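Below are two complexes that have chain A in common, paired first with chain B and then with chain C.
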Partner chain A sequence: MMKRKPDLSPVLMLVLLVLFLVWPLFAKEAVLYFRVMGMACFYGALAFSWNLYALTGAISLGHAAFFGLGAYGSVLANHYWHISPYLSILLGGLMGAVYGFFWNITFRNLRGARFALATLASVEIPKVIIDNWDTFTFGSLGLVGIPPLPSLELGGAVLAFGKSLRAQYYFLFLFMLLIGCIHKRAITSRWGWAIRSIREDEVAAATLGVDVAGTRFQALMLSAFLTGLCGGLYVHLLGLVEPALVFSLHLSALPLVLSIFGGRYQFYGPLLGALILYPVDQFFFHSWVPVGHAALYGLVVIAALLFFPRGIGAWVQQRMKYAWN
Partner chain B sequence: MGTAANEVCLELRHVGIDFQRQCVLRDVSLTIREQEIVSVIGPNGAGKTTIFGIVCGQLRPTRGSVFYRGHDITRWPPHRICHAGIGRTFQIARPFPEMTALENVLIGVWFGKQGNPPGRGRNSEGAELLELVGLSHKGNVPARELTLSELRRLEVARALATKPRLLLLDEIAAGLSPRAIAQAVKLVKALRDRGLTLILIDHFLNLTARVSDRLVALDQGEIIIEGKPAEVLEYPEVVSAYLGERQRRGEEEEGA
Partner chain C sequence: MLLQFLINALSLGSFYALVALGFSLIFGVTRAFNLAHGELVLLSGYLGYALSKYLHVPFLLTLPICMLCLLFVALLLHRLLRRVQEPIELNTLVITFGLALVLQNCMLLFFSANYRLIPCTGAPFELSWAQCTVTRTQAMLIALSLLATALVYILLWKTFLGKALRATIQDPEAARLAGIHVGRMSLIAFGIGGMLIGLAGPLYGRTAYLHPFGGTEATLIAIIITIFAGAGRVRSILLGGWLLGSVESLAIFTLGASWRDLVSGVLLIVLLLLTPEGWLPRQAKPSR
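Up next is the complex of A and B:
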């Protein structure tokens, strides 16, 4: 056996974790940075949620369906039943999961491009219904004045997630961390090996005792639920919702772009994509080309696909391996 | 779980399958006893691999049913059939290309039986299996970098990792050198000595005739004859099915 070099990645992870928790304490007034880094974490969480199912080899172009249903589930529960946003966001997640269940039944036998096209089309169904059911969903006008996240009191300290952008950053960071832990399990656990074997050869996996249908089902339900949670959370951060906003192609494509850019097979890949691309887009592209900054996004993605086909994360890992040996 | 050598292991009852209204298997009935080595022979398109697909749950038969140790497994999903103790290899190897050879085998170790947690103790099981098929030096190589003959052996190691009691081997000797075939014969005999029941598919008879207790000859989706290897190989329809149309045409011309 080869002599193994000491594994430094847990140390690196810990250092990064501390950095992410500590920097806002020293930059008290950096409101813009809280906002951008918070949203980067949010999109990291969204990319993690998307990638959970993509790890089984199924590239979805329709996660906006879960996102939008989560958003509307949360907003309408909040509007009609006056329940706390924290509860209604959970309900939004469940809405996503219900739609995920229908996906699981109807798209069971679709793979590859046909699956992707079916998911893309499936976004239109809830969108059209919500667009036209004016009396219940307020139609294409949407809703405004959605309450922000209420403050929580914890042992005398007030956590104003809705008012203070710094508290919101921490909230989003922890939210991302939680989904990140689930995503890590989907790669490194026994369940993760099942997912990986399905991705690499479904027929062989089944022959070796992997419950293919069950594992795909679990991954999809989890992915749909968490994407629904993201959708629910999103509208309470933004304060408004309309069908064209939450059922947009942009929201289906973004997690895909971030994951592929960051590296789909590393447990930190989707987050890496979000932490690089989102701030770069907001701080640089936005100020350079205010109108067409999405085009730069597109260019970056094409470049990534050409030069880092397995993502930045895989590339960095490779470099580090060479550096160590 | 001692099983008497004469007990029925696998039974196909009037199994048939159609693909897009085209009949691929007509009506196949077959009984395999414990610790038997049975070979299914026949020309291309006879339906040999289709039988494996049906037994392992990848294909749903249109007609008939499959019994394994008294259980009707016809509608079981593939992983449940694997957990029940049936393993198979694929004619065209289906490795997990990005995993190492060892990881390929470990998937079988971890998932072959229900509730098998991954752990260091189990990793040694995978290493032993690689040694059995002569791949221990390739343990850390990604499967996509293995040669054809290595992939065949990896298939066998992986199938064994699920601890099957009935193993279906699909053309493990096709395209191998005479030396590799001799190794394959040794491996098959070693497996039988471990108490496994084996069904082999072979196109060229180079392996089967030497190890089988019984041959089953298949042509156009039907069993044309089954019995001791020597008997089956002398059967005129087997000869003509094997040598194919050219031979038949030749005979007709001679007759004319």
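Up next is the complex of A and C:
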């Protein structure tokens, strides 16, 4: 039973991959599905980025800071320098990484609940500054009319990421896949083992020769950079930005909820959470209670922590094992 | 001018102390980090708003009703948080974070995103000899906050139950060994905390605008004062409230109201960095 499992999972992954790549070709006019599945992939990518740092055992409640800085970095670079969104999104990622660097310096000695509180408070700093710096960031009104992702020409084929929702779905899917690969490496590679050892016991990890500070630093920088990328991408998908939108508690909470629900210790966990919860939220909950639909995420994280703290994936696996034995 | 500033700071600070008192009691006794604290205060505020607007209940009567309702909410929260597994602090933090999201969206659903204020009736008191005015809300804020703080102080330091509560705050294990029913103590802490939250809500609704997403700030304030003062230390909490009230009034006065959130955020980070050993009295083992 245990022997056969590693053989099966690559096949399963491949089947799923093909399924995700192929279904839009058959659904011709399912615009809503392209949009929702694309955004589900996007939030999966965001959850992956968050979990990269959470794997070291540090729960952050403030990733909206990176997200918002990435969003504003990208928008302002685009607005003032008129550079292509693809470049400005990278710049947004760098903005996130810069703030991550500050986190790394200031919050070096904080762990657990204290770290979580500090991150929660640290969202306020860029938010209030951007809110008040009217001449440069346009203050609390924000910006509208941000250009969508421009089309790319690749060997004769036009990839209209901004106009066609199907192309956008593929773009977001590949984006998620890229970050997912990084996330998988952060679990299975040698570096991933270092991360895991830090999570379990820092002192023991240091005794075994793991560079604790360095590994945490790398994980945080990577997480901050990728979250910044997500933020930059988000505003170009949405077309508008304002401080209350990109620095919201909701955006700090979302990757946490998706990761905890899907399973923080599996490489597919955050994506699983996003693929289940976001469509449920959009298709069912949103039409049922249009205003307060985000309450779903709060309910889910409470239920997850009380009943399946290792995530729905691990929970189902365990149930299956019981069922077979 | 100075006196007017002091009165404003005093009323704001007393209110902050009231908000922090409930949080610190719950945190001290049960080690549960209630990130939904501010949302519960808002919930109570909205309840007071609904009572006074739709049922025309006089303001002073809304206070006991809100206290009773929030008492039940807090007891429900106690039942929820009792099931949390180790590590308690972090897990309660995440669960109440989820609860905060739920409450925010419920308030958004029922009361919409408009700013609400419980209307204030009656003329303010003019202190003509000092050239300053005290609004009725401010007077009520100071009086009720000080009254509540004094009651909690008497309960904690002058009664036998208070001794047991303080013992639990200091060291739950040792308290259990001494024959104190720790579970019952946490129930009592949640009960008192709930009533304090219920009292703070309508007062919040009269001093500041109610908005579904405004709770985070109140939570941050409660946490800041609790870290500054230490859990369950009533006099220090009052002092911390006044200090924070003065600092925020000063910041609003010099920088403008929009920079207020920055002050609380930076203060919290600085306090967290300055107290690396934790903020519980004499912890048995340092938290990692």
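Please note the rule applied: the second predicted complex is superposed on the first by the 312 of 325 C-alpha atoms of A that agree within 3 Å, B and C clash if a C-alpha of one lies under 4 Å from a C-alpha of the other, contacts with A are read in each partner's own complex, and residues count from 1 in each chain.
Keep in mind that, in the parts below, a contact is a pair of C-beta atoms (placed from the backbone, for glycine too) under 8 Å apart; a residue touches a chain by one contact, two chains touch by 3 or more.
What you see is a predicted model; the values in this text were computed from it and never measured.
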Chain B versus chain C as contact partner of A:320, first or second or both or neither: neither
Chain B versus chain C as contact partner of A:306, first or second or both or neither: second
Touched partner set for A:190, first chain B, second chain C, both or neither: first
Which superposed partner A:292 touches (first chain B, second chain C, both, neither): second
Chain B versus chain C as contact partner of A:181, first or second or both or neither: neither
Chain A: partner with more touched residues, chain B or chain C: C
Contacts of A:27 with chain B and chain C, given as first, second, both or neither: neither
Partner chain(s) touched by A:256 [first = chain B, second = chain C, both, neither]: second
Partner chain in contact with A:144 - chain B first, chain C second, else both or neither: neither
Sites on chain A touched by chain B in the complex: 190, 193-194, 196-197, 200-201, 203-213
Residue ranges of chain B in contact with chain A within the complex: 56-58, 77-79, 82-83, 87-88, 90, 94-99, 106-108, 110-114, 117-118, 158-159, 161-162
Of all residues in chain C, those that touch chain A in their complex: 33, 35, 80, 83-85, 87, 89-91, 93-95, 97-106, 108-109, 112, 213, 216, 220, 223, 256, 258-259, 261-262, 264-266, 268-269, 272-273, 276, 278, 287-288
Of all residues in chain A, those that touch chain C in their complex: 59, 61, 106-107, 109-114, 116-118, 120-125, 127-129, 131-132, 202, 244, 248-250, 253, 256-257, 260, 289, 291-295, 297-302, 305-306, 309
